[in-house]
Amino acid sequence: MEENTPELLIIYTTKNGRTGGMVESIRQGIIDGGGTVITRRVDEVQWEEMLAAEGIIVGTPVRFGGVDWEIKRLFDVTAFQGYPGPLDGKVGGAFVGGGRPGGGAELCLLSMLHILLNHGMVIQGHALSTHYGPVMLRDTPQEEIDLICNAWGQHWTALVHRLYRSD
Amino acid sequence: MEENTPELLIIYTTKNGRTGGMVESIRQGIIDGGGTVITRRVDEVQWEEMLAAEGIIVGTPVRFGGVDWEIKRLFDVTAFQGYPGPLDGKVGGAFVGGGRPGGGAELCLLSMLHILLNHGMVIQGHALSTHYGPVMLRDTPQEEIDLICNAWGQHWTALVHRLYRSD
Amino acid sequence: MEENTPELLIIYTTKNGRTGGMVESIRQGIIDGGGTVITRRVDEVQWEEMLAAEGIIVGTPVRFGGVDWEIKRLFDVTAFQGYPGPLDGKVGGAFVGGGRPGGGAELCLLSMLHILLNHGMVIQGHALSTHYGPVMLRDTPQEEIDLICNAWGQHWTALVHRLYRSD
Amino acid sequence: MEENTPELLIIYTTKNGRTGGMVESIRQGIIDGGGTVITRRVDEVQWEEMLAAEGIIVGTPVRFGGVDWEIKRLFDVTAFQGYPGPLDGKVGGAFVGGGRPGGGAELCLLSMLHILLNHGMVIQGHALSTHYGPVMLRDTPQEEIDLICNAWGQHWTALVHRLYRSD
């Protein structure tokens, strides 16, 4: 990896600001874990940035129990270039801002993970936090979100380092 | 349907009491909706009761993002009798007691719905409440649970009546 | 329902022709079941047609284990009008053209059903056929597809009639 | 890891022999990939063997769109010991024997992966094969199964080596 290429890339879109409000805590968690990171909105991310990253973390609001259509378009169209292959073996992760429990946030998160698994990416669960990635609902207290997002930022960084830096 | 056979059957198991704590509000919602109902624990329900009901509602605690193994055994072993066929066309539903958002409650709920769909049962979502069935987490206030469970009890009853009583 | 409004609406998009190739057999199954139907491509369907139908059946190719982004946009943007409410209580269904077993076709089908459940729609599984809706893979023989799609067309029509015509 | 402890542990159960029929090809793939492996049936595996392995691969027949209840019991009861924690960071994987396309095999596979993610395990998708793990249906030709299972055996071994042997 080139000197100045960040290890992790966060791609996200937001609807009411909830998903966007998780980005900074995740970014900080990655830095706290000793990683480097850039963040991009879904409409500004470049395919070359996706190719360069060792880990790609995608944030989406819940839209009818699935990922936002612009996120889906990014993977159906942009990330379809050269598929299968180019994202294989990278770390993948997802985070979601939702409404209330049972409102589809977990289904949305898993749909995003399915996309990443299709590309051959590496996913890790978390036994001690939210299990599949950070989920922020309407009533989640900010400090709980910060804790969970920070923990996941560190978790993803640790996996990138375990896979790419252990030599 | 015989004179005294209840329309809806609630089958449930509970781990810390959270799932069990939803039963009464759901039962009340069914009665408020003009329906009749019996409740059975997973280890006491009879196959004949499942055959007699017009709607079967199953409650399970979240166990590693899936349904409790005793609930699974009920369907893998008991409800396997005469499959496919005997539960076809009945109303199905599920409710789940879980821990925190992102802890697997929605995945568990959907796994239960998959089982019911396999049997040819009829499922309805809810646009105005939790979308797939009631989900109660550790921090959900009791009044919110009562509201959601009652609404779902009425929702399931309305579907049973729409399917079986419109003549 | 007005005299000439079809009961069922099929909305679909296709990638390699496999999903599109299922439409005619489903349409025929609906007619064989005594129903009326119109078919629309995702880029031509009108919101008014969705409002008028008693059942909406959506066909999508598998795209990374999820629904095609244009289908997702239809529901995120067009069908978001007046949500929640306008599609509540209608029959919903999905069909999918995919590649090989384990290639994501079932996950895609279920993602589509999640969207429909969010709207409060009514879904029925099938104990005697593919359980959640028709799935056609690369190696599925045409006669098997025709059988399954026809059976599901009849299945959906029967549910529409059971819900709307039993008086 | 002790001298003679196998790196990978395959745990499985079988119903009609289809899931069991995948074990040998997966085992061979692991060996072809340079790994070591033991296989255990669900009723004979020891918790200590699960603790000792660096990767745990679980095979289950499709049972109503979910994992077999005995597999579920293994994780709900046996693997609940010391949870969360003891399986964290290990490689996880799943394989499934099913009936026909749309019969629930993918849903079952994903349910198994959810369990493993709950434990903090590391999952990798496959861009060039079945995406989430090997799936064998009634009509899948034996040579295709052997190819897919062998490829996945090698894939899992490569991930174990990448995570544990890169020093």
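The first chain written gets the first letter, and so on, giving A, B, C and D; residue counts start at 1 in each chain.
The working rule: a contact is a pair of C-beta atoms (placed from the backbone, for glycine too) under 8 Å apart; a residue touches a chain by one contact, two chains touch by 3 or more.
Note that this is a predicted model, so its numbers are computed, not measured.
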item: Between C-D and A-D, the pair with more C-beta contacts; value: A-D
item: Selected pair, out of A-B, B-D or B-C, that shares over half of its residue contact pairs with A-C; value: B-D
item: Same-residue or different-residue interface between chain B and chain C, half as cut-off; value: same
item: Centre-to-centre distance between chain D and chain C (centres being mean Cα positions), rounded to whole Å; value: 33
item: Gap in Å, rounded to a whole number, between the CA centres of chain D and chain A; value: 25
item: Overlap residues in chain A, where contacts from two or more other chains coincide; value: 65, 104, 107, 110, 114, 117-119, 131-132
item: Interface residues, chain C side, partner chain A - complex; value: 63-69, 72-73, 75-77, 104, 107, 111, 114-115, 117-119
item: Touching residues (chain side chain C, partner chain D) in the complex; value: 65, 98, 100-107, 109-110, 130-137, 140, 148
item: Chain D to chain A touching residues, read off their complex; value: 83-85, 87-89, 110, 114, 116-128, 131-132, 159, 162-163, 166-167
